[in-house]
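The data blocks that follow each hold one structure.
Shared between the two complexes below is chain A, which has chain B as its partner in the first and chain C in the second.
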Partner chain A sequence: MKRLFPGFFVLLLTVTFASCSTSDSNTVTPAFRIRWAQDPDNLDPLVVSNGSAFEIANLTYCSLLKGIEGKTDFVPWLAQSFPTTQRLNDSLLLVTYQLRPEATWDNGSPVLARDVAFTLKVMNCPGLPIEMDQAMFGFIRDIRLDSTDARRFTLVCVGQSPDHVRSSGDFSILPEYVLDPQGKLRDITLPNLRQAQPAGPVVADFARRYQALQLQNHPERLPGCGPYRVSGWQKGRYLTLTRKPQWWADTLPAPPHVLQAFPEKLTYQIIPDAATATLALRRGEIDLYSLMPAAEFTRLQQSATDQQRLQFYTTDSHEFLAAGFDVRKSVLRDALTRRALSQLFDVPALIQATQQGAAVASVGLISPRVTAYYHDSLPLLDFSPVAAVELLRQAGWRRAGTGSWTRPNAQGQPEELRLGLSYRAGEPAYETAARQFSAAARGVGIAVELRPTEQSVLSRQLRAGETDMSIRTFSGNPFSYDFTPLLHSKGIGASNTTGFSLPASDQLIEQIAATDDPARKTRLLRKFQLLLHQQRPFTVLYFLRYRVAAARRLSVPVTGLKPGYEAARIRTKVSQP
Partner chain B sequence: MRQLCFPRSFSLRQLLAAGWLLLVVGAATWAPSAALAPDLAHISQPPGGTEHWLGTDPQGLDVWGALLQGARTLVLVSVPASLLTLLLGTILGSAAGFLRNSGWQVSWRSLSTLLLTALAALVLGPRLVPASAWLPGVAAGSWILLGRLRLGRRRVAVPLDALVLGLMSLLESVPLLILVLAAAAVQRPSLGGLVVLLSLTCWTTPARLMRAATLQVSAQPYLEAARAAGIPTGRLLVRHIWPNTRHVLLVRFPLTIALLIGLETTLSFLGVGLPPEVSSWGQLLAAVRFAPTAWWLVLWPGIMLVSTILSLHIMAQNQANDVTPTAGILSKINETIID
Partner chain C sequence: MRVLLRHTARALVAVWLTLSALFLLSRSVTDQAAFIQSTLTSNTRLDAQTNQAALTRQLLHRYGLDVPLFYVSWQTPTGWRWHGCRNQYHYWLGQLLAGDLGLSYRQGTPVRELLREALHYTLPLTLLATVGSVALALGLAVSLSYRPRFRRLMLLALHGVQSFPLFLVAVGLLLLLANPDALAWFPAFGLGLEQESGGWWQSTADLLYHLALPVLSLVIVSLPGLVVQLDGAIRQELALAYVATARSKGASRRRTLWRHVLRNALLPTLAQLTDLLPNLVAGSVVVEVLFALPGMGRLLAEAAATQDYPVLLGAVGLVAVVRLAAQWLTDVAYQLTDPRIRL
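This part shows the complex of A and B:
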């Protein structure tokens, strides 16, 4: 017993010292913690509806091609090379892909052309939530598998635009062996599936089985061929991705940019409040905070303590803040009213107040940085309540004795110009814009009710057309100019939340997507910007600049595409000797 | 029975408290009526500027203006909500304490009608307000139908005391803030909505106090004599019970206002209950989350809030001291104040 006591004492001391010692800052940490403002709305790969969900889809699934900002183009991802194309008569385009031979699913089986065919069938399967896929990929009419090569296939596309070639490879490929192990959908062709109304028993049975998986809450039930799998998700708290121990791209001798995945674990901490997130970053409870509010970012940049612990990145983005109008609402049905309301946004003041001047005003949805396509002849939005009043008068509104504006509606009944303005709660930039607009509107006699709304509720309300006006961001990219999801009549009820569509705008969108002549594309895009400038389904306030703050030990590749960083390529810096 | 002392001379702290409360009411009266317009050229300005002498918040709203408007919001929410709370608590507490479990007898017909109407209200739930026109219809229909069927003429005792106590226990078993937050989540933010919400969730303490006071008074021999003389229940309540229990409310009133001010501020801080255009001190405090170094966003509303609640507690203490604490219930209130 006497010998045991000193031994126990030494052990206790050792344990105490070990637990009290700080970790070595040079040690490579394979797990990174990233701040998210919100959970993914839905992790069903058919319904990727917000930035968080999109980020997870990009890390757990692979598509054929992937857009890389540095190259301002799409590059092969699951495809071995950029697809070859062949025009078939005046309207059809054949896009031929070859899949990487190394690509495999988690069970070791190869990713084959029939998986791509299966994915397209899922995206066109009646009874599943396919509205968004229909809007984005409805131009893919058929797939032809190569009988001699299981990894080779050809997509038959309507339209011959280069954008269609790129978009044709921009959807997550799903594993047939998980969703349809008996291959029951193989006998049904894609054109037959598209035309089958009502769905046959096989399709209906498949849709039932797919829905039963409840992928929106259980993404682990559908493993993709990306480098990560969802290993934990507690809504409102965290989502953890764990790297697959043997991912197929690890066998490549020199994996290209898109096939690099360094972190062993990525933990997304859900911290809705920006101040709490900043505090967590300063305390070292998170490693990376992207899309940081400008004032906080500047404050940390100027703090000597934070400069030692953190590093700061900024980059121009393709995301813009806009005020959207639901054109289906009676009071917002005409362009003059929408233009009048647009005049009540004080954009330069908003840029200064909310972005510390680090944002770019724009005439429309194309960034001024894209000089080739940007319509620089159009005037920037001018804050002018006087002009707003004049436009309201032109739109038929008359000011009543009470100071409010009224006009007869379609039924001849007088209607008052009253608006609800919805925006994501807890976002200071949105709230400031909403308050500024509300004050200006009140000044000219328009009653505006501010409606800060939780993000998922707001998304649902926007899709259901339950808002009058909304302030929100829209994300774009520099590779593709297909506005079908956003503004085409095909997108109404899904991603076209303004409900705007005109025959002329639909035609222009189709023409823009179909053309591969840069000069013609420039002409069409400028015409489209002019049309939007006149019609104002939404008013672009400014293009954002992304701000990323991260722990100094990390090397973070930043990008102008949301979420502002490439999570799979974050690394710990190699310590200097 | 009731013994009231003559008011003592006011102490300095009582004068200060009363003066401060008058200032708050004055601020509420003179606050600008239009919603504040943001001054985007001066966001997060510290105090001392010529245009915004108490500073601005991260959205460019003038802190002085927001404090004045916040005072008005405070008065408009807490005073009506307190009155409603005390009214509800008084009615339910007095009825439960006086009628107990056998003092109220009704016919089956009336009871069934009441239950059916309550069930209909429960089913309508959140749609109660737009659809409340249905409720009188349900009540009348049930009454007529049961009358035609010649059912329910027998009278039955309603266990009112047990019902009220059960309802109070049910409400008090859920933390007040969680209850209010849950209710606020399903209704659109508005001043009126917040008043109703706070009233419906905070009536239990006054009801308990009124029940206890009523029980105490009911046991007095003069009331037994009045009952034996056949004086009707309503008259007993109004003429004999109420004058001897109302001092409980006088002491409770400032405390209820203080409680509701705290709740309103908490809700505004969390961004629920009130529309964003309506300024409040809680909203001003919450703005510090977007400008953590803006100390003035904590200092001014903090001083206002602490001073107001402290003043209300002093006034309640004053009220309690003015009433001779012979009744046990008053010592209980004193304990509440000290807590």
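This part shows the complex of A and C:
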């Protein structure tokens, strides 16, 4: 046995050095390597369930339209131009698209209106995992193909809001020639397919064939008309995209922003742990690390050696941290109490403690970077326990001899101002905000019980109205300003976890969602921000900044939308002579 | 033969009871719609007008969660209610008997396939760690009995190491041996940047190179317990009369230790070793997350975090089955090592 150990170590050392020599030769491959924290899990285009899968869908398929942050709007992608619309009656909207004539599938056949019709039929095909697609695009009730132009079609949509026009072009177009080469679904209309229960033999046969492809694990079996194809996927380890040698947009003399795809190969390395990902970046094993934790990012920025090999980008996001109040709770029923409690958040200190100073305070739920809509006349949140005490007095609270605050409730019984503060366990930013608030509240005589809670339990508690206060992040985007889920009375019991609703706010939300006129939208949004500032169903603490660190040789276009970069537009910098 | 049959039957009943308890507990104490809600919440593309309640009902139906959990349920106003065979437990048991562990909610892939893929990564890691730990423990414990002065120092060091949590050891190794600011001898993560094409020798070498730090972390953490226990047992055996008898008959110290003392001293260690068996398939969450290895530990942790019940149940069930098998193995090993033992 004694002789076995040296033998074992000799073997280990031998293979170690053998591997070292092979590994070095691998580091010179020209592919860009990007860190992902999470695997896409499922690459069936009907089931895009997380950010990684969404990123792959956007690189392998094309939609009719695509949201571009810089334009704060959707722009034509597979469509030749922004669609024209026509109101059919009080509830229907006709959205007419024209497809790009250059767009082709991998077999060289053109992308036609019948492919769009086919995609809509797949998204409504019984027996397939279409629930989410129906929820997102169920408002598209029919498609009318133009008999004179194979690339022109009209979508019949229920609902006439501007968001519906944009959403009507936001789904990946699938190739009919791969999934239904004999065109068996062509004779079935979309309304018939939606109503057919149970599915007819043709539809059932198609669903069986679709399921047999196992697209969730084999995305390569359904090539889209995007610039990349999945050339390798080891679940939980890496996913590789290879650029098509002859992509149809390459024939355009000056491809627009959305049709640019520079990297020949993109490899996504799945590294769940942030510290390991940082080491991998510093060792050159990955080239790009997005959404980096603030402390790691600052540390690398301050390191002389890392400054030489890495480049650092930050960009304002549309994601914000907020403290929500359940306005159905007796102690939180009035705006004055909610405003008083908001005064106990020291936002600048919080930004420093959790984001190393790299976050942006805001007066409300519109990012200050959206200057057109941001209400810059409202004051930022001021940390002031003195003002909080004064507001509590105005709200009818009186301080008892014990130091706590009491007032009569709706039944005339005395109630004490005592709160539970819920947040997702294990998230340092939430923990810090909660502790800071708790300490400030204790200082003015308000007892706060901190309740770090597991995500699914917290989600259930929020929906059921079982929390008093909560701290969490909300994601937005610069394309849509429909606050119905978050703050309309229709959202209560689902996403409106504060339970807030007023006739005036419901009306404003509906007006904002219905208008496409920028000037009117600005007026309405400012009015809405003012109303929220006074009512405080929740208090926005700060908007996050996305941090991206990348190898110095790369030029990375960053964006305030997740994942924080545009992978298709990453380029190697031209070296200076 | 009858004893073997009785043991096997008892083990099968234990497996069924364990899996049933896991199934019923995991689904009864958690909100079955929680994973659907988290999916809906994280999907920013969902239309504002979406009827989330209807969508949740549809998704619950897709995953078979819209039927009662068990044959009977208790409802406060009406008391016990019989649901017949149309219940989640009945469907699950039928599938299980047919060898089907169901589909993952997240990935839409058969759970059996996911477990197989995860074991493909976990087994090399845990087997290497177990073999390394056991071999080192045997060698160290035996060699300590030769060197009393070195023994004291080594035991002190081992007790110190035993107090380190796995996370600390793994991060320490990573920062020490995969850090461009210290020694960048080993890779920081994974099993190679991409699928390497090469012969088995190349693949094995690459695997060992990438697994060096994860394996070392596990060995460092499990070694002290094994050595301290085995050393104590050896010390106890060395004081017995049969050792003096063997030496007086001319057996060398080495032969006495390896042929006589170790065999007796190994008895309590056997229980420890079979305790390690479930860890072979359970993997290590800490090491797999830190070194980006998509093994069983990570699969379990991610399934738990996302309420992916079929995967959770499949993975925990596998670990439970291996634990029962390990206990059965311990019984057999005891009887083989010491025929006087009767269970």
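The rule is short, and it goes like this: the second predicted complex is superposed on the first by the 328 of 577 C-alpha atoms of A that agree within 3 Å, B and C clash if a C-alpha of one lies under 4 Å from a C-alpha of the other, contacts with A are read in each partner's own complex, and residues count from 1 in each chain.
We adopt the following convention: a contact is a pair of C-beta atoms (placed from the backbone, for glycine too) under 8 Å apart; a residue touches a chain by one contact, two chains touch by 3 or more.
Since the structure is predicted, the reported quantities are computational estimates derived from the model, not experimental observations.
Student: Given the touch rule stated above, what does A:P428 touch, chain B (first), chain C (second), both, or neither?
Tutor: So A:P428 only meets chain B here.
Student: Quick check on the superposed pair: does A:Q352 touch chain B, chain C, both, or neither? Answer first, second, both or neither.
Tutor: first
Student: Tell me which partner A:R299 touches in the superposition: chain B (first), chain C (second), both or neither.
Tutor: Once the two structures are laid over each other on A, A:R299 reaches chain B alone.
Student: Scan A:P129 for contacts with chain B and chain C and give back first, second, both or neither.
Tutor: A:P129: touches chain C, not chain B.
Student: Give one of first, second, both or neither to describe whether A:D273 is in contact with chain B, with chain C, with both, or with none.
Tutor: In the superposition, A:D273 touches chain B and chain C alike.
Student: Thinking of the overlay built on chain A, is A:K235 touched by chain B (first), by chain C (second), by both, or by neither?
Tutor: In the superposed model, A:K235 contacts chain C only, not chain B.
Student: So in the superposed three-chain picture, is A:A254 touching just chain B, just chain C, both, or none of them (first/second/both/neither)?
Tutor: Touch partners of A:A254: none, neither chain B nor chain C.
Student: Once the structures are superposed on A, label A:S167 by its partner contacts, choosing first (chain B), second (chain C), both or neither.
Tutor: second
Student: Which touches a greater number of chain A residues, chain B or chain C?
Tutor: Between chain B and chain C, C touches the greater number of residues in chain A.
Student: After overlaying the two complexes on chain A, where does the chain B footprint on chain A coincide with the chain C footprint?
Tutor: Looking at chain A, the two contact sets intersect at 273, 275-276.
Student: Once bound in the complex, which stretches of chain C touch chain A?
Tutor: Residues 30-31, 34-35, 37-39, 41-53, 55, 58-59, 62, 106-109, 117, 121, 132, 135-136, 138-139, 142-143, 171, 174-175, 178-181, 184-196, 198, 202, 204-206, 208-210, 212, 258, 289-292, 294, 298-299, 305, 307 of chain C touch chain A in their complex.
Student: Write out the stretch or stretches of chain B touching chain A in their complex.
Tutor: Those in contact with chain A are residues 34-38, 40-41, 43-44, 58-61, 271, 275-277, 288-293.
Student: For chain A, which residues are in contact with chain C within the complex?
Tutor: Going by the criterion above, the answer is residues 1-2, 4-5, 8, 12, 15-16, 18-20, 22-23, 26, 29, 33, 39, 41-42, 44, 47, 49-50, 129, 131-132, 134-136, 139, 159, 163, 167, 170, 216-217, 232, 234-238, 240, 267, 269-273, 275-277, 279-280, 282-283, 285, 305, 455-457, 459-460, 463, 475-477, 480, 482-485, 490, 493-495, 513.
Student: Residues of chain A touching chain B in their complex?
Tutor: The contact residues of chain A facing chain B are 273-276, 278, 293, 295-296, 299, 346, 349-350, 352-353, 425-426, 428, 431-432, 434-436, 438-439, 442-443, 449-450, 452.
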